[in-house]
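You will see two complexes here that share subunit A, one where it goes with subunit B and one where it goes with subunit C.
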Partner chain A sequence: MNLLDILTYVFALTAILGAFTVVMHPNPLYSALGLLLNFFSLAVLYMLLKSPLLSLIQIIVYSGGIVVFFLFVVMLLNLRSPQSDRDFSFKGIFALIFFLLLAIFSIFGIITFNLQPLQPAYMSAKVIGKYMLTDGLFAFELSSFVLLVAIIAAVALVKKEESK
Partner chain B sequence: MNFVKDIYLIQPELVLSIGVLVSLLVDIVSTKSTKFLVPIFSLIALSITAFFVLTNFYNEGEAFKMLSITSLSRAFDIAILLGAAITTLLAWDREGEHHFLVLSATLGAMVLVKSISFISFILSLELFSFAVIGQIALSKDLAGTGAALKFFILSVIASSFIILGAALLYGIFGTFYFPKIFLETSFKPIFQAKPLFFIISFILIFVGLAFKISAVPFHFWTPDVFRGAHSSVAGFIATVSKASAFGFLVNFLYIIFGNVPYLWGEILIWLGAITMLVGNLAALGENDIKRMLGYSTIAHAGYILVAFGIGTDTSIGAAIFYLIVYTLMTLGAFAVVNSIGENNSSLENYKGLSKNNGIQAFLLLIFMVSLAGIPPTAGFVGKFYLFSEVIKSGEYALAIWAFLNGVISAFYYIRPVFYAYGREPKYEVKSALNPAIMLAFIVGFVGILYLGLAPSALLDFISSAFTH
Partner chain C sequence: MDFILFKGYIGWFLKVGIILFIFLTAAAYMVWAERRVSAWMQDRIGPNLVGPFGLLQPLADVLKLIFKEDIVPYVADRFLHFLAPGLILAAPVLAITVIPFAPGIWISNPDFGLLWLLGSTSIAAYGVILGGIAGGSKYPLLGSLRSMSQIVSYELPMGISALGAAVMAGSLSLVDIVEAQRSLWFIVPQFLGFLVFLITTYAETNRLPFDLPEAEAELTGGYHTEFSSLKFGWFFAGEYANLIIASLSVSVLFLGGWYGPFLPGIHWLILKTLFFLFLFLWVRWTFPRFRFDQLMFFSWKVLLPLSLLNLMIATLVKLLW
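Up next, the complex of A and B:
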């Protein structure tokens, strides 16, 4: 086990920790910070997989943009008072059982399958850009439609009712 | 890099995507008095797309390593475009953005049925879902917003299941491309000997798709969303969403899981059998026609799922025929709901409908009779072919079960008709009959009677998709 492996495990663990914080923490502010931890750990994992561009995009777009927006919303709505309505519920138990089964089966599946470790290829900006304009062209254009629809729908929703 | 052939293959999608963009411009240019230009343009775009679909019906191939264009997927396109055109008629008076969203959702659905890569699959699914959420939320009352929120959260959950399943498959095979997964499973017996991973990813992705086709036990959102949404949007979810999800199911089942049919054949048949029973039983006690139609779509999803579980070419052909018929009759029923009034969807308002609104009452009779599967309507022919496929495959118990379900469904389909003709009017219902609704009525009425009396033309056309 070399240094890279240790780093991978450490940041995989912090990613899971961050995700748990998002779901479990009663204070939404800390949940947003947990999301930040998760995104940052993922960025490091991308770096370890030899994709520096993806890693930087992860930090700039997700950590820099989206988490900051979440924090703004939390501050604006003033959601700081912790809510403690976590009662015993069968739905929660079912979700927990489902999650545990999924996790156990996945781990069991990985062990029986004897998966080979990922062979990372160096993903530079050049490689990604070339992929987007050649093999991934169709997906690239399709995602532009997804964004357009999201924008138009959002604008149409907040548009004021015209007087009829 | 040679995209010429790929672009040649996806002509209909390109035409529709140009239509999506131009419809935005038409919306901006049109003023309040020329608002009708947007739906007219939308219909023109859909018709041109349908023309390209029909002229390219037998052009098959693979485009961009993400789409597999087959005659079968083009047959699903016809159901999708038909549904989109009729819903455009139902939503004639709504905002221009609505028609833009209908067109873009149709584009997403058309790409979805041809996806053979998880990238295009997830992107087109998101395109479709976003556009539908926008359509629901555009009716800015409390019910519409609530329905939009409910649909949004469930779509996100469904998508996250699908993405997790796709990630697991990527972890095994290192590719998003379905045919490559098929090859890997063909040559490595380990995938057949130890299918655990396969089962997990199948379940995850199928759960996501079951949300879309509202199969039991993932059906709870359907009646609530249908109740809150505008009837055109409810009809759109009931028909186009189902057609696209079933179209993708063909690629999903026969390519990725084509080597392990024993995994899913029985599951689909059982799921379909339970789905039809739950949908029919729940619809029996419903006093709101929109919610009733919601449960009825669940039941119809069950019939189609059974045909997919049998999995022969002819049974898939019968399923496509049924989808087209189902599109006509469900949207016809929603057109009646639309003309009676969005807020008058309680069955109390349908009492004595024949006295004041004779046309709507008569059409309600036709569409409900067709939904119940009584001759001489198309609903009977569709059910007949579907059930005869079930009998041909040797599943006699299943055929009896499906037939019994058809009998149950007759009770709740006939109830509104009975109210309309046999009861005295309780409330004064002011109905709206604009030319667009009339056109929708005519398309539904003529289509149902034509397909009911002379189904062979469409059936031959659909079976030519398999045999040409």
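Up next, the complex of A and C:
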């Protein structure tokens, strides 16, 4: 086992730790920070899989933008006192069932399919850029259209509140 | 650096160690420079007693900070109070690893250097944000709320204006960007991008006229109010290290890095960086502070359209020549 393998396992573990923190921690501030830990670990894993562009976009967009907004909302809502939701609820049971199904399917998949380890291929900005403007053009334009719709929807929602 | 000294693993650690040592010492001396320059502008003398011209003042400051008591407020979040000062210094240390100083003198030259630079500035925001939350009092919280909206707003025009330089060079590697400026610095075809990038670096480093997260007069120091001893020292060092990174990146992206007439290599980069560092101090002691709504208006309705326009100009120039 070389250094890169060890790093992969360490950051896979911190990714899972971050994900658990998001779900389990009673303080929403720490949940947001757990999400941050998760995003960072995923970014490191992408880097180890030789996809630096994806990794850095993960850091710039998710860690630098989205988690900041989560923290912003957490602070504005003043959720500083721990608000735990530990009562019996159907939500929890549904989540448990889905989790068990997911676990069964993944274990089944790992056992039955002859899985090969991922062969990392270096994904530079040039390769991804070329793909987005040739073969992946339709998906690229479609996602830009969806984002445009989301922006217009956000502006429309804000306008509606102002006119009241 | 092709010396025999810098071969192998030990040589690599030596090289990284030397660059980091120079960088952090320079950050400490920026505090001295700030005090001397502000004193000069206000017709005072400034720190001049410790060593010649007060040059040992940073050392004395660090010693003083080490021996001060580390006070953690009763209501503070202890984990975040411990974490935040580290984060604010982590970002510039990450960023310095991709800056090219002179031909062959850099820690690494990845082909995504520009993105790495932008990504590390987005980490710097967390030191400010978590520092404000950790204190557990109102002023730092207000400071960190302000810094969140400010940093998120100004990161966008910053990234897009930096992309102008990347488009002109046809590469995201900082070494390639510098080498593309051999005959013509990007400040000429990319003047708009240069202006937008320079302005946004002031906002990203929380300097006047964008220092609303600190705002001594209204927030008693903002996000680092509740920190003392070396933790405060880390915030201080982090702020000046970020200034150096900002000056270095402006010089590398738009002013041709190490290229210039007469003098060889690294001298030009140092001169350009010193000029921008002086500009940071000059602006701080000359301009008043923005109001918060003006700050947001300026980012979203002035800088963002300008940076997009600049990106279009860059693409057109690249296509036509």
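Note that in this section the second predicted complex is superposed on the first by the 153 of 164 C-alpha atoms of A that agree within 3 Å, B and C clash if a C-alpha of one lies under 4 Å from a C-alpha of the other, contacts with A are read in each partner's own complex, and residues count from 1 in each chain.
Simple rule for what comes next: a residue touches a chain if its C-beta (ideal position, glycine included) is under 8 Å from a C-beta of that chain, and two chains touch if they have at least 3 such contacts.
Remember, it's a predicted structure, so these values are computed and weren't measured experimentally.
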Open item on the list: Given the alignment on subunit A, is it a clash or a fit between subunit B and subunit C?
Closed with: fit
Open item on the list: Is A:Phe108 touching anything from subunit B or subunit C once the two structures are fitted on A? First, second, both or neither.
Closed with: first
Open item on the list: Quick one: is A:Leu142 in contact with subunit B, with subunit C, with both, or with neither? Answer first, second, both or neither.
Closed with: first
Open item on the list: Which partner chains sit in contact with A:Phe72 here, subunit B, subunit C, both or neither? Use first/second/both/neither.
Closed with: second
- [ ] Determine how wide the angle is at the CA centre of subunit A between the CA centres of subunit C and subunit B, giving a multiple of 10 degrees.
- [x] 130
- [ ] Name the chain, either subunit B or subunit C, that contacts more residues of subunit A.
- [x] B
TODO: Based on the superposed arrangement, let me know which partner A:Pro52 touches: subunit B (first), subunit C (second), both, or neither?
DONE: second
Open item on the list: Which partner chains sit in contact with A:Ala125 here, subunit B, subunit C, both or neither? Use first/second/both/neither.
Closed with: second
Open item on the list: Between subunit B and subunit C, whom does A:Ile60 touch in the aligned arrangement: first, second, both, or neither?
Closed with: second
TODO: Look at the superposition and give the distance in whole angstrom between the closest pair of CA atoms, one from subunit B and one from subunit C.
DONE: 19
Open item on the list: Under the definition above, what is the set of subunit A residues touching subunit C in their complex?
Closed with: 29, 33, 36, 52-53, 56-57, 59-60, 63-65, 68-69, 71-72, 75-76, 124-125
TODO: Quick one: which bits of subunit B touch subunit A in the complex? Just the residue numbers, please.
DONE: 1, 3, 6, 17, 20, 24, 32, 63-67, 95, 97, 100-101, 104, 107-108, 111, 119-120, 123-124, 126-127, 130-131, 133-134, 137-138, 140, 168, 171-172, 190, 194, 196-197, 200
Task: Parts of subunit A lying in touch with subunit B, wherever the complex brings them together - done: 102, 105-106, 108-110, 112-113, 115, 134-139, 142-143, 145-146, 148-150, 152-153, 155-157, 161-162
Open item on the list: For the complex, give me every residue of subunit C touching subunit A.
Closed with: 77, 110-112, 115-116, 118-119, 121-123, 125-126, 129-130, 133, 141, 144-145, 148-149, 151-152, 155, 159, 172
